[in-house]
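Just below sit the structures, each encoded as structure tokens.
Both complexes shown next keep subunit A, but they swap its partner, so subunit B is in the first and subunit C is in the second.
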Partner chain A sequence: MKQKEKEIRLLMLGLDNAGKTTILKKFNGEDIHDISPTLGFNIQTLEHRDYKLNIWDVGGQKSLRSYWRNYFDQTDGLIWVVDSGDAMRLKDCREELKSLLLEERLAGATLLVFANKQDLDGALRVEEIRLALGLDEIQSHHWAIHGCSAVTGKNLLQGMDWMIADIASRIFTVD
Partner chain B sequence: MASIEPIALLSEEEKIKKQKAYEEGVAKRYEERISKKQQRKSNIEHKPEETVDYFWKEFNSQNSDINSMFEQLSEALEPNTIAKEIDVKLEIMQKYMNDSILFLNPFDLRIAQSTIKKLQADLTKEREKYAPRKKFGFKSRQKQTQNGGQVPKKEPSVVAKISPAPLPASKNSFVLKDRKNENIIITPEEVFNKDLLILNLDNCTLYIHSIPATVHMTNITNSQISFGPVKTSIMIHDCVNTKFSLACQQLRIHTSVKCDFYIHVTSRAIIEDSSGLRFAPFTNTYPNLQDDYMISGLDEKLNNWAIVNDFNWLSNNEASPNWRIIQEDQRMAWK
Partner chain C sequence: MNSEISSGNSARRSDKKTPQSSYEEYLKNKSFITVEDIQQLKEPTSDYLVSRDANIFGIFFTRFCLRDEETNKQILNIKLSEEEILNYPTASSLSTDPSFGRFIRFQLPPSFLEMKHIGATIDFKIGNEAVKCFRMVEKHYFDIDPLKEFEFLFPFCMPNSRNSCDQIYEVPALQVDLKAQMIKNPYLTKSDSFYFVQNRLVMHHKAEFDFNFTS
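Our next item is the complex of A and B:
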């Protein structure tokens, strides 16, 4: 195949303390020990499997969530990051996700849910999170949930590969 | 519904067809993106500069235009017409900001965003004043935020019906809750490497000389809390009049008031919707503390206790009124 620039724009959201920035840095092979809570956003452009990924990581603090919409345009994939150790806020997490999925500008996006922090002993299992977030009710988007650990890097690649394959098959072949 | 057709199951012919469609798709999308990029580029080239300074000049002039329209509003015969014009201008302003996202730093962006938010809130208020009174309807309950509505709560107009799912409790968590007037000492083995959840304490002292994996604390009042090093983050919600001694990578404090934090933080602490917080360096010590630092992997030498980011206070120049440093002679002795 000809070497073409295949650009994919990914938006990474989730409640605060979910581990969004840690996923981004780990995926990019950077040090994750000095990550501060995100005041604003981070952008990372990286080459992966012949694709150019533009990943937008926007802070998840309550006071930042009303700004998420500024980043919706041209999003090919939404990465929703969940703190699997935070059972208390799963309801918040579910509601924020539901309202995102109603956004018109995200209508075409593939949804990847990362059940992060699976390295914690007390982490909820992927199945439990799938149920708690009501993912099975989603009809409007292609979706998948992957358990992962941003600290160890486990399953990050697997999740991203699923997402890229889904976006590629949807965008580049269906017309 | 999320499955992708496995390539292996397709016939050779279909594979080639698919591959061809794929390549064409790639090429098409590539060209679209390039042309869009060029379009954007040529738009930019016509502008004098794509710089923060230029942005602010333009943004502020739009801002003052709108403000003067607001002034006209009070004397206008047809305020609704002007309100509509303001609405249009605000949209243009929003779009201008969105188009500038790529070269604005987060701080500038947030100032611009909150400026727009404020104007939008003002407009809504004005409109309510002039709008003919509805005969009946539901009162919209809009809570005023403390800082003049800078950060309005997002209320999605349509919330999808969410079927209630039972919230599972984390396994292998250590939960301590609903205690009053107690001195609690937890043995290291009980919480070592566990997710620690502390809920609803009042007038308690709690000592945990061990290394939890991660910590959540909610609704703690009039208490004293002390931990060993936590390699990940500590989350705090709704605490009042409580003293904490904590060592961790990230400290995230929400909706809390009048609390003191004696901390060792290797990245930094953040506060949100909180006030009357005070900070001092971690001074606590216990026999195995050094070992616990080692085992937890938390860097003992790196302490950014005095760097606190307030998500409700974005000014770089002025200090947040919501927190301050505890004077040395006012610090308490932990033991």
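Our next item is the complex of A and C:
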């Protein structure tokens, strides 16, 4: 067993404006108005179902992406957030995710893809994003994709619970 | 809630000589102070161990917020405005007050001492260079007796970044007598916050606490 208090470290990444910080705040029951672009990181620790989650939300602007690698260490789960309304940048999104999955320090991490902004008219469906990102080709990581809306909170809990269960089955098997 | 950021009045300094005084002198003369050095301190320091100039990374705090984790009620929210954030580096370099931006008095309700879990949010800004291994060790005392210690560690902060960290701290239960003493003696509860970058002390902040605040 890793640690007594069952601590899980999650790293949340994705292109800018995907809704990472909004997901973090909504999941934590905070106000989601006035969220500005993240020009660094936001760390949130919270207790969830007997686990202590340590979530790192790192800014996704192009100029910041080269710094992502500084946050890979000890990541149990990678949350990849996609703006389902941004069809134009899905190729970019796919490439960034692909290079992350090649990272040695993320090799053991569970991957949760959040197809965010499902509440928007014209948002791509979860199946479309799954195809566009080529998720079915992933064999190196446990993965799942969940459609969600950070604004309404829909499916955030389901996605997180899937991820935590998957991580827990890997690293807390001793008890 | 109330808080006053000191402008003219620096932290109250105790005149009594303690065995620690000579150790503090020794530390102040070192070329740099490490976490291990700080671990030896057993009471509040009589002065800041580094000058404000030691903060070569231009790190400064833009928000500090405390809440009772059980009730989710906000206890304290101190925040610089966007204008203050913009002007801070200039204001800091122009100020000759050794306490500028690093001494604060907190006024908190007596019920604060009953809280078991406290949620603390800090927002901070980083200067033009990336900061590796940014670590805080914060020591709390009542008079000269150690109460508790808090820590955080950020392996990496991007240049020019604005970062935020929300953590839940477990507060050790205090004896009834001690709590009464803390309430009875405003500002005798103190803290020293030591901030390190790659194990070199770059900032030293002080705080004093009053637990008589009633809203």
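Keep this in mind: the second predicted complex is superposed on the first by the 169 of 175 C-alpha atoms of A that agree within 3 Å, B and C clash if a C-alpha of one lies under 4 Å from a C-alpha of the other, contacts with A are read in each partner's own complex, and residues count from 1 in each chain.
Basically, contacts are C-beta pairs under 8 Å (C-beta built on N, C-alpha and C of every residue); 3 or more make two chains touch, one makes a residue touch a chain.
Quick caveat, the model's predicted, so the values are computed rather than measured.
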{"item": "Fit or clash - subunit C, subunit B, common subunit A", "value": "clash"}
{"item": "Partner chain in contact with A:7 - subunit B first, subunit C second, else both or neither", "value": "first"}
{"item": "Which of subunit B and subunit C A:157 touches, first, second, both or neither", "value": "neither"}
{"item": "Touching partner for A:102 - first (subunit B), second (subunit C), both, neither", "value": "first"}
{"item": "Touched partner set for A:44, first subunit B, second subunit C, both or neither", "value": "second"}
{"item": "Which of subunit B and subunit C A:143 touches, first, second, both or neither", "value": "first"}
{"item": "Touch count on subunit A, higher of subunit B and subunit C", "value": "B"}
{"item": "Where subunit B runs into subunit C (options 23-31, 95-103, 239-247 or 257-265)", "value": "95-103"}
{"item": "Interface residues of subunit A shared between complexes with subunit B and subunit C", "value": "39-41, 64, 67, 70-71, 73"}
{"item": "Of subunit A, residues touching subunit C in the complex", "value": "28-29, 39-47, 59, 64, 67, 70-71, 73"}
{"item": "Residues of subunit C defined as touching subunit A within the complex", "value": "72, 126, 130, 154-158, 160-168"}
{"item": "Subunit B - residues contacting subunit A, complex", "value": "1-2, 4-5, 18, 21-23, 25-30, 33-34, 97-98, 101, 105-107, 109-110, 113, 117, 151-154, 156, 158-160, 162-163, 165-173, 193-195, 197, 213-214, 216, 218, 232-233, 235, 249-250, 252, 254, 266-268, 270, 272-273, 299, 309, 311-312"}
{"item": "Of subunit A, residues touching subunit B in the complex", "value": "1-2, 4-7, 16-17, 33-37, 39-41, 61-67, 70-71, 73, 85-88, 90-91, 94-95, 98-99, 101-102, 117, 120-124, 128, 131-134, 137, 139, 142-144, 151, 165-166, 168-169, 171-175"}
